[in-house]
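Since the structure comes first, as structure tokens, the remarks are kept for the end.
As written, the chains take the letters A, B, C and D, and residue 1 is the first residue of each chain.
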């Protein structure tokens, strides 16, 4: 590798590719694969996002990818959706200053690593989401999770919102574990006095149709958890994905899916024999922007 | 520490406590805390189980804990429930032999780390669960996830089953991400021709009642994921848990909840100020049996 | 697995062996292999110890293994030797209380994870080691590192000391990175006014003789670093070790030897084709005492 | 964060700085700190390099840093020095193809992660280094490790070599664990028939003089091990370093120095109170080139 005074992101990643080994080699391979699947019109991109990626700064990155037609299906956690809405309602995520957690609690600050959130922002969130729930349930009371998220997206105005942009661009968002979040909590409270019903397995037919309607599927997996499993498992009935990129810090020895090598998915027909699978071990808030910037530059050339 | 020729598990753990530092010190602290919460009649034990703990050998351990009244609430993944049923229907988990995943797929073997599962066992699973779903939905079509799992537990006969034992002993099992599993897949297929509805947020009132009905709550957290979050978040409205033990291999720097230090829960009122929180970094299939054996011996003394 | 109220360590580990998979399965395999190599008179046991194992509570465990003839060669870091001497001179290791590091520095406390050391103990260490260096160098000025450590071991009286016990029992201690430690610092200071010379590569002939003089060699590797490499590399010329156990928390993806799978050693002839190699991922202060207690009980039966 | 089609490395890292949290935030902080210490003429940069950074592609990066006056002291492992020489003598590092290790051994291939080395390259290495040792020891037989490495650097011609470039530019290379490497093995073999003596603690006075002769010291730490400890400990007598950057995948809970937070160094006076310390968790073959490219661009502006 050679590092010079002013390099474009792609020039740097190509240097990593020249070495070709260890993390650097995988970084290049993954970037190349990402460029290919973004460019290929026959490949639907399923992006799964676990971990605090919205509080961690990737909100606009994901929003722009949706807006620019790079993501065909987004699968994420209730938490990322909550935090997207928190910002849509005017809240923010703050850089922490290392106070202890009991003190933070007294100050109304919830901590995610070195990120601080404010209870006053969550109060606005509660107020706004309740209004939206009221409006949404005026006609229908019964939704799949995807339908529910689309309706919320249509009810907000923040153009930087992932939900809003996805609704506008007709990109489905799935969140099989939605309930287990602050949004889930508000939903339950709303249900105490109102009718609203989310069908836990209501999205599968639609998701399956997308899988079978796509010539090829590639998954781009940030973190593990339910989003990773859902992204891969939804492709099982069609014999698995054609390509997959995974960025994770979890490790494989415990057998947990979050840290499992992508190859394991082949045994389950969640990835096809011969599919192109690349894992980069690292912090997704560093690795994914780097990979995406490299892939975009590759495709521009 | 001193290690002798024949030691009871507790004698060994007390040696670790004598050293008191690093992993060994935390192992002792966690064992002591587990013994206390198991012994204390005022403390409800919420156990969350993520990762392949049933395929990984902890099925009978968890089943026995339920049967002996040590667990008041079990929160787990769709996968662990699927694999409990797989064994209830006569299937097994096998020690792998390092074939490559494309070969395994051709042989009908799905791999989880070094664990092999057989597609013929899943075929039996499909057949049996469909019969149960048919029977369950004869009268009702509409369930919360917990109700649904209780009904399945009442429909099977394997006394070693976690679901069966929980149903018999009236211990609720929650699985907020149930849908994202092989059981979820069967459920969806069944729904193509039948009516069956699972309310994604149908369990929260009941779970909240348990939280408020308990003088104290302790969470015992194996792995992270939705189960960890659900176990902690369900205690938010009451100001948080009184004690928590966490066994994980995930790390904290990415901000992901799975690897987050338990202290972070204090900032969110998911753990009380002054609550006793102990994390042991390690493989739960080693650490939890060790901890439990030590705690049981401690309480016997 | 089944966990009962009072189990011996071996009973628990045999339960792990019954499951046979993930960490639990490897724990059983490693325990069985340790029992075998300890029992086999034809196998020399090379034990490598990196990381703060002496401050972390394993001092007496290692000392007893040497005293009971279980270790034929010990390879460790300058730090573990320094901390063995610190205790031999009356110092101690203390359980930390989470003060911040700038405050600790002002209080004369050096921190290792949650272990505290006191500067007054290091002052005693300096005084005592200087006296020993003076005495040792009265006749000879020129030593290999092993000879130097044997002489120190013969100069102290604490029967719980690893160095003292090794000297008494004629067990060699190698420490290729000795210089990089507080003992190394004292040595350098001593050399300002005195003659003393340590030959960096002075031990290789002797170590090589031990390798070739042993029918079989097994390495027991706690942590990685120089001790792991030295233990394996010293067997290179004879075609590699016959068996190896490794306990580590490091991971393999970076290519670093500390986290490398033992299988990699086969490519270098540092482990023989067909050699029995078992890795347990975990904290050595928990895993090693557990494994050793299980192995001793196995051999007693 | 925002990711665009063509960004310079610095533009991307500034986007990470805008988010400011988790890995991305630390990446920006570390890049800024690296830019500062490279620019500041009063700060001596001590760079420690552990893990297979030369086989992993960073050889030219480190060589160029030395050549451009960015490194004042290099501290590394015997392995990195061996592999620098292997390339200087015409050998190479190859991208692996996943054969099993017993097969590789038969083919004369030594594996480091996914990097292959060839025994024929090591044979050339043996031949060449023996010639150099013969030449070097014609006059002197007695060296410190640094002197020995300088002499080797002066004996080779490859302008891309780290050793050659360091010798030419009068940059000292320290390698406290030199002996524990293939170079160490050759050295020992050479000593069977020749006189050559390396003083294990022969470098400390010189290194200490550099520390005291520098207004400020910053350490740039790739990986842990002896190089990390040596870099920090050499600053102990002067009250510690003024700044430190660490890139590692090791974790802190085991107490091992390799994964220890830099803050711990403050308690030992290896880092000054108030010193600027930034850790990035990640694979150094990705993170360091990224950081360096960003820092160079920052300083150019």
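The rule we apply is simple: contacts are C-beta pairs under 8 Å (C-beta built on N, C-alpha and C of every residue); 3 or more make two chains touch, one makes a residue touch a chain.
Every value quoted in this text rests on a predicted model; they were computed, and no experiment measured them.
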Any chain that touches chain D and chain A: B, C
Cα superposition angle of chain A on its copy chain B, in degrees to the nearest 5: 180
Gap in Å, rounded to a whole number, between the CA centres of chain B and chain A: 25
Whole-Å separation of chain centres (CA-atom averages), chain B against chain C: 37
Length of the line joining the C-alpha centres of chain B and chain D, rounded to whole Å: 45
Multi-partner residues of chain B (each touching 2 or more other chains): 21-23, 52, 55-56, 113-115, 249, 251, 253-255, 281, 283-285
Complex interface listing, chain D residues touching chain C: 50-52, 55-56, 79, 100-102, 104-105, 109-115, 145, 176-181, 184-185, 187-188, 191-192, 197-201, 204-205, 223-226, 229-230, 233, 236, 249-260, 263-269, 273-274, 283-285
Residue ranges of chain D touching chain B (in the complex, touch as defined): 21-23, 251, 253-255, 281
Sites on chain C touched by chain B in the complex: 1-10, 12, 15-16, 18-25, 27, 52, 55-58, 60-61, 64, 93, 95-96, 113-115, 249, 280-287, 289-290, 292-293, 296-297, 300
